[in-house]
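Chain IDs A, B and C follow the sequence of writing; residue 1 opens each chain.
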Amino acid sequence: MPLHDAHYQHWLGSHTSIWGRRLVIAQNGLSACLRNKQLRTFILACWFGGLLMAGTLFFVGQLLVPDSIVTQWVAKMNPNLQAFARMLTFWLKDHPAISVGTTQNVLFYFYCVYSMPLSIFALGLALPALITRDLASNAIVIYSSKAVTRGDYLLGKFCTAFGLMTLTWLGPVCAAWFMGNLLAPDWNFFWYARIALFHALVFGLSSMVILCLLALGVSAVSSREKSTPAIWFIWWVLGLAIQPIALHTLPWLRHVSFGYDLRQIGLATFRLGQDLKTAQDGIPIFGQMLKNVSLETRAALNDPTLGGALAGLALMLLAAALIIKKRVAPE
Amino acid sequence: MSALIQAQELSRWYGIVMGLNNVSFQIERGLTGLVGPNGAGKSTLIQIITGQLKPSSGQLTVFEQAPWNNPALLRRIGYCPEGEAVPKELRPMEWLEALGLLSGLGPDEVKGRAEAILDKVKLPREHWGKRLGQYSKGMKQRVKLAQGLLHEPELLVLDEPMNGLDPMGRQEVAQTLKELAAGGVSILISSHILAEMEALCNNILVLNWGRILASGSQKEIRSDIKNWSEELEIECDAPEKLARHLFDAGVLAGFDLPPEQGLLRIRVKDAASFYEEWTALLLASGAVVHAIRSRSRSLQNIYDKVTT
Amino acid sequence: MTSEPVIETEGLSKVFGRQRALDNVSLKVAPGSIGLLGPNGAGKSTFMKCLLQLQPITFGSAKLLGREVGREGREIRKRVGYAPEQNCHIPGMAGCEYVTYCAQLSGLPFQAARQRAHEMLDFVGMSQERYRKVDSYSTGMKQRLKLAQAIVHDPEIVFLDEPTNGLDPKGQAQILELVQGLWRSYGITVILSSHLLHDVEQVCEQIIIIARGKVLVHDSLENLKARKSGAAEVVLARGHGELQAACRGKNWACDVLPNGHLRIEHRADTLNPLLTLMHELHLPPLEIIPSPNALEETFVQALEISHAAA
């Protein structure tokens, strides 16, 4: 057949499933995010943080073992520390579960909570790629005319944000836990450290869901690419700034900051108050050190303002939902 | 009478990018259409005529004066631009009154004039209270036309004046423009809708790539095109029979029987002599004729031939 | 090809507050190329948006391709294409990426989507521009891109809203030719919404006129023209006065149109009597167009009736 038909052809194949289409939306959003060079740098920084965390776990793990290089090195530094180190190794021998579990729990609390700002910043950078740019270019009309509903679109975008946070937060945390325990002196460390991982996952996944939903809401507020990240960052910074002021005037005002609310969830999940008590009881030398911890902090650790935090977050999520409902419409 | 708009070796450059390249033409009074592909230089020309841009070289005069930096001349020109740029927070009367005062109308007469103009462009009174931001495309178009006419200009320049209007609206604007032309106002319209320009404008100016390709009346341009062949399409019951008859009469330069039933397309050797015999040939062939259309007379065809 | 109606509405109504944008619209539309006409704010766009589920229906029901619009939205939209009037694209993507993405959103797997995206870009006449970002496209290219994304998933019906808007005459002609081909050569039903009656006459075989939320006219173009037969627009080089006088003598109504041509009501089925008259007067016709402006007259008439009824 010498002449081939290069005209319009009909298509008779079978369609993909709805989850396939949602995945396509998520993938497209994530590619758009990753085109941002700053964001890529942030992701690298987050994984570097994970690497540091793995190193820290390794170091601490070595501290609990006699004759390890680290213990010897510490001993050479200072004879007092040598006694301290010996005490730690006895602690491990007597109470392995607590020593490893408690230590990692505390370490992961600080790592999870204090690496959160990096992820919050990354989400801020990614906001235009979520809903903002689509609002500006009227892409919502195109989505509405395709074989996806508004719910599918939002689910896809949510997965974009969730995928991004997996890269910036969940991934590094899990990798740090795995690497840290892999390099531990004993395979049992995996078992002892399971609580820390469990707490990290509970805190991590719930925070990720909340942050992603809030990010979707903020990204739908305006169709200007510069406005939505600005709103996100200003909200975040204001929340931080308000903490010391609100503490002494209107304590409930602290819940305006999503960072503060998530920290309360973190405290409640990781139950640091209990760890503090365990450490005190287990090692007298800790008891001396920790007596200096202020009553206030102790109270905060034992009794995070969880109720207020959840209420605050619920209100924020409701606002986000209302904004999305109003703005994401094919008009 | 001197020409309304005269250009002499007019050029306008934007750095290395060309807007207009050494054009010379004359536009007479009456209704003139400005046509050309996108990027041809139509907007540049309009902006020079309305005094918004200064020529890079050469000159352009309107009413024998250069429009650049010439407020007295601009008072005689009205401009209705493309696009939907109207102040969103104002109501039409407020805007027109402000513009009228700017044009030098007294505060007493400006209100009456604004109302008269809004009625003339057929903007329904029930919408006068709304802000311009709430208007549909078609209503915004009418308000733009109104502001161009407010100061009773002698030359009205319009860029896509019918954009967004429904068929009734288009007819009304066309009618308004015809009335204005009959009343002595000269009108220059830039538009892509050739069918409407054909019906509305006597004279045409064709631009492409910043250069003038044709200027004059449709008839003049047509007669000036080389290798012009008169092409007709006849809708009849027995096209082959008619084709044979015309062929035997020796008037055809070529013919075509398209796949659609009942159509015959012919190219004629010599238009002048052909038309002398045309009705006789048709009736003698015995064909039952339903339509005779020209494939070559239309502005679309002129445009195609001129811009290739 | 079945002749099941592609669009079926029963008492379709859309209410915005106190305004009835659509009032009890009941239609059965057969496959074909359909022109959707109506004044601004008449309910034309609302009608399309309700069918495409861009707006929810207030009362009544609508079926598109045999399926309920409210219930089976996703399924329907797998086989429906839409090219909106306003500019919309997904930013930051090259043309071919964008069309591929649109195909995937309509349910095509990636390989097929990519293949068809390029095929459709060929079909609409886009060459190397397809590798550039959509944000940098000219109006003409954006219109072509809109058309490509509307047909990339091989829909059964495609809605086009002012597809020639902003295009220069050559661009208009090209797009219209493509749109014409969609039904005539490939069997894809086209619903063309436009204010340019000239375009609609060229492309469409069926006409629907909507005004004040009601369907005023739903008929084939042929029928509409037949109703206006017996009149012709005559283009003459000279002798207008003579012809007018002769027509008056034969009791044929003869008006001068705004464009200078003559409109003669000869009341016959063919042009032969008119030709005979012109032959007697030695006046050669340059053009004789039957039922001139049939569509425009129908439109105006329908609106007048609707105004009177209101």
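FYI, contacts are C-beta pairs under 8 Å (C-beta built on N, C-alpha and C of every residue); 3 or more make two chains touch, one makes a residue touch a chain.
Note that this is a predicted model, so its numbers are computed, not measured.
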Message: Measuring between Cα centroids, which chain is at the maximum distance from chain A?
response: B
Query: By C-alpha centroid distance to the whole-protein centroid, which chain wins?
result: C
- prompt: Counting in whole Å, what is the centre-to-centre distance of chain B and chain C, each centre being its mean C-alpha position?
  reply: 23
Message: Report the inter-centroid distance (CA atoms only) between chain A and chain C in whole Å.
response: 53
Task: Between chain A and chain B, tell me the centre distance in angstrom, where each centre is the average of that chain's C-alpha atoms.
output: 63
Field: Touching residues on chain C, where the partner in the complex is chain B
entry: 37-42, 138-140, 165-173, 195-198, 235, 237, 258-259, 270-272, 275-276, 278-279, 283-290, 296, 299-300, 303
Query: Given the complex with chain A, which residues does chain C contribute to the contact?
result: 49, 52-54, 73-75, 77-78, 80-82, 84, 86-92, 101-102, 104-109, 112, 116, 119, 122-123, 149, 151, 153-154, 181-182, 185-186
Query: Okay, in this complex, where on chain A does chain C touch?
result: 6-11, 13, 15-16, 18, 20-21, 24-25, 28, 32, 35, 129, 133-134, 136-149, 152, 330-331
Query: Which residues of chain B touch chain C in the complex?
result: 35-39, 136-138, 163-171, 174-175, 178, 192-195, 198-200, 235, 275-276, 278-280, 282-283, 288-294, 297, 300, 303-304, 307
